[in-house]
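Dropping the structures in below, format is structure tokens.
Heads up, the next two complexes both have chain A, just with different partners, chain B and then chain C.
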Partner chain A sequence: MKTNYISILFALIFGIFLPMSLRAQDTDLIIIRNEVSVPSEMDLSQLKSVLRGEKYRWKDGSKVVVALMKTNTPVGTNTCRKLYNMSSNELNKYFLALVFQGKVKAPTFFNSESELASFVAETPGAIGVLQNVYEIPVKTILVDGKKQI
Partner chain B sequence: MVFNVQTKILMTVLSVVLMFAFFILFYFPARQERYLLDNYNKEIENFAKTVALGVKIALTEQNFEGVETAIDFVRMDSRLQFVSLIQSDSIHDDNANVHIERTVFKTFPDSVQVDVNVESDEHFIVKRAHFFTPMMNGEIMLSFSTTEIVKSKKQIRLTSVFASLVVFLIGLSIGYWLSRKISIPVLALRDAANKVGEGDLTQWVKNKSRDEIGELSKAFNNMVKDISTARQEVEQRTQELRVEKKKSDELLLNILPSETAEELKRTGKAKTKHYDSVSVLFTDFKDFTSIAEKMDPNDLVAELHYCFSAFDRIIKKHDIEKIKTIGDSYMCVAGLPLKNELHPINIANAAIEIREFMQMHKIDKQAKGEDSFDIRIGIHTGEVVAGIVGENKFAYDIWGNTVNTASRLESNSEPGKINISETLYQLIHDKYDCVLRGKISVKGIGEIPMYFLEGIKN
Partner chain C sequence: MERFSGCALIVIAILFGFSISNPLYSQNTKIRGFVEAHSVLKDGEVSFGFGEQDLFITSELNDHLSFLGETVFKYDPNSSTEFSVSIERIVIKYNYKGNHSVLVGKHHTPINYWNDTYHHGRVFFPTVERPLLFAANILPLHTTGVSLQGLNLGSLKFGYEVMIGNGLGSNQITDNDKRKSIAIAVNIKPIEHLQIGMSYYNDVISEGAEVHGMVIDEKIKQQLLSGSVAYFGKKYEFLTESTFAFNKAASTGSVPANASYMYGGYKVSEKWIPYLRFDILNFQSDEIYYDNEDRKSFVLGLRFEINYLAVVKLEYQYEDREILGEVDKLTAQIAIGF
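Then we have the complex of A and B:
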């Protein structure tokens, strides 16, 4: 009998918190940009291309600077899954390979979203991925016409 | 094989220079090449470690700046052949054994096919640096070309050859200059010393250097100058000695017969010698004492000197040896010290000349109104012993009955007469006019026949 209660308790816990957890990881991402050089709109494929380092410069010739949350953060993990379709390790190896061959400059990784937002705001040509919007003077990019993806 | 000083100095300097040149030619480049290679290895190793550290930071901290900087630095190096990231994975086989599988994760440039086990060879230097992260273990493998090293080695060797050649030429020049600088004055000193040894004291070595050779040259010149001065002094002294010796010899010859004088000089003593036949002559002035009392002593001595000097010249002309003068008596002997068979003739001729000289002198004196001496002469022929006795104030003398007999003949002579013995008469009477005086008693001897020698027969 006692065993049944415990089983019920576990079922309740998983039933309540697991969906909440999954929902947190699946939270929509916001793409922020520096107002200099970075377009205010792009489609998802263009965004992925930029984030993968396939696009080196913006249209005005300035360098593309990518800012991401570290992959050990929920936002970073979410970013890997949604925008790179990779695990954290795969992302690291991906950029390591590119950097090793000198093909691209790796993204700059941050521990906090505020640091990332500040970096993007201060760095011309920078583009970053956040989960929350802060009260900072940073612009967002509409992806496929949406503010969040 | 005998080397001169110049060759020895040159060989010494060249030996040192050659050693130094060989050091520059072989040891120095070997050290430099080793040093260069070590540095190159360390440099590549440091590159590999830096990239590995960058990879580790990138994979653990997600900070790619380090690896970007490091890999950019390596990629820009023209010596790079390739840089590979080798991934090491633990593989479990069916038998639960674990082995490490090393695979190439990425290589720059990606056109290069890399063997994960490649090792360094003469063309490449391969260095590895391991990294360990939770995500990935592996190593950075760098390969750099040795072309630059080979070029540098060639440059070092070329420089070494050039430097050793320059050192050798400089050393050779210095050695040649040094050997000449040392050997020329030494050789000049040698030649000068040889000439000085041959007696040429005019040698003078020119050397103005202030080193030991210059001092040696100066000392040599001083030595030659001193020797020359000493030699001149010796020659001067020798000349003076010669003059003095000549005077001494002449004085000695005046005292002694030359043969006796030579024997005395040679042996320090002269033996007496027996002569079988000599002629002894004595002269004496009649009434000398009474006349002398009336004369000034200086005038007397001058008169004696004048007369005896004339006697000396006369007997010398006839090869007669003067023995001595005793007061107004003059004694000489013919037939010694060298035996002379003509001594009776010589003594007779001398006696006649002495008598004639005194006759002429008497005429002169009488013409001047001065007192004059009448000479008496006595001569005997017989055996004598002649020589020197005693150790001081040497005087050559003769001894024997012949001397006494001659003296007695003189004392039994008459003024202006030459009184001779029977013995002499027998030897000369065929050539000289002699007048028999008869037997006359002589003190200590008895009666002996005597003759007046008048003159040479017509």
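Then we have the complex of A and C:
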């Protein structure tokens, strides 16, 4: 009888926390930008191409700088899945291989979203991916007309 | 004292000028390495060994200028220490506009997918070793020279590279003849994970030149025509490459040779990938440049990707060689990046 109560308790806890963790993974992403050079609107395919390192420069000739959360963070994992269609491991492998070929510069990775937002705000040509908007003055990009994707 | 002050002013002026032209740019240098260790069962004997230790350096000098260096430390029975160091790549890249760049230095010759994609990074190799196409000296793996490169252009993600180099028989600092090698490579990526490429290579190998430890007896005009299809998707992996070589000498005329391989893998999960590879090398009886030995190889293996920096492979290879006969071996390898 005691075993049954414990099983029910575990099931309840599991039932409560599993959807919460799934929601954390599914949260919408916000694309932020530096004011200099980076367009305020993009379509999703353009955004994915930029984030994959396929575009070296913006239209005015400034260098594209990509900022991401580390792939072992929840936001980083969500970014990998939603914008790269990759796992964290696949994303790391993807960029390591391209850097080894001399074809791209790897993104700059961050541990915290506030650090990432500050970096994007201060670095001309920078574009970054966040889940939460902070109070610091950082511009966002509309992707297919939406603020969140 | 006045002279010293004048020099100091000039130095300060130069530094000031440099700081203005490179505002707030901090140099970003990264060092990485790759190495592998293996065990081979062949002819009833087990051997342990390790391969090249590859030191890989990248550096961003400013918004347009970057450096890539690759140095390999490897076993060399002819060295007094039994090891030697070789510079595999020294590439200075200037990104002059959009996705277009000019590259100077010692490069992987921009022909063929494998050569351009993996080369010494064994953690990236889908199989334990390179295909025979690369191991049998069919291709000029490295070229010192200058190239123009464009990547991911337009909706088809068109890429090109045109390279002029010292060519075969040259050393690292001087060309051994007046003729330059020319490599032209193009590729497209029409859908995600798929790359289709073609390349052409032309060189003249002078009489008396030493190539791959062999002295060339007469002048050879070499042309290589290569094609590749690579698909590395979520479930399936497929890579095939073929090179048609035409070595023309006064005594033999133009002699064709062909080297091809086909690789296929299936991702049972993200970490487990069983795979197959077939290799074939075909030469004519009057071939004077390549080792004139037809070879066929079959590889069956299992790759376990612990993560992107550590990969374990277990592989069986059967090879049928025209002169040496049949050989087979079982290899276990761990390749890492660090």
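The definition used in the following text is that the second predicted complex is superposed on the first by the 149 of 149 C-alpha atoms of A that agree within 3 Å, B and C clash if a C-alpha of one lies under 4 Å from a C-alpha of the other, contacts with A are read in each partner's own complex, and residues count from 1 in each chain.
One rule holds in what follows: contacts are C-beta pairs under 8 Å (C-beta built on N, C-alpha and C of every residue); 3 or more make two chains touch, one makes a residue touch a chain.
Since the model is a prediction, treat every value here as computed from it, not as a measurement.
In the three-chain model built by superposing on chain A, chain B clashes with chain C. After overlaying the two complexes on the shared chain, residue contacts for A:Arg57 are found with chain C alone; chain B is out of touch. After overlaying the two complexes on the shared chain, residue contacts for A:Lys70 are found with chain B alone; chain C is out of touch.
In the superposed model, A:Ser49 lies in contact with chain C only, and not with chain B. Counting the residues of chain A that each partner touches, chain B and chain C differ, and the larger count belongs to C. When the two structures are aligned on the shared chain, A:Lys93 is found in touch with chain B and with chain C. When both complexes are overlaid on chain A, the residue A:Lys105 reaches chain B and chain C alike. Once the complexes are superposed on chain A, the part of chain C occupying the same space as chain B corresponds, among 240-248, 258-266 or 330-338, to 330-338. Within chain A, the residues touched by chain B in the first complex and by chain C in the second are 89, 92-93, 96-97, 99-102, 105. By the touch criterion stated above, chain B contacts chain A in their complex at residues 55, 58-59, 62-64, 67-68, 71-72, 75, 83, 85, 105-106, 108-110, 135-136. Against chain A, in their complex, chain C makes its touches with residues 32, 56, 58, 60, 63-64, 66, 68, 89, 91, 93, 95, 97-99, 103, 116-117, 121, 124, 151-152, 157, 192, 234, 270, 305, 307-309, 337.
Of all residues in chain A, those touching chain B in their complex are 70-71, 89, 92-93, 95-97, 99-102, 105-107, 109. Every residue of chain A that touches chain C in the complex is listed here, in rising order: 49, 54-57, 61-63, 85, 87, 89-90, 92-93, 96-97, 99-103, 105.
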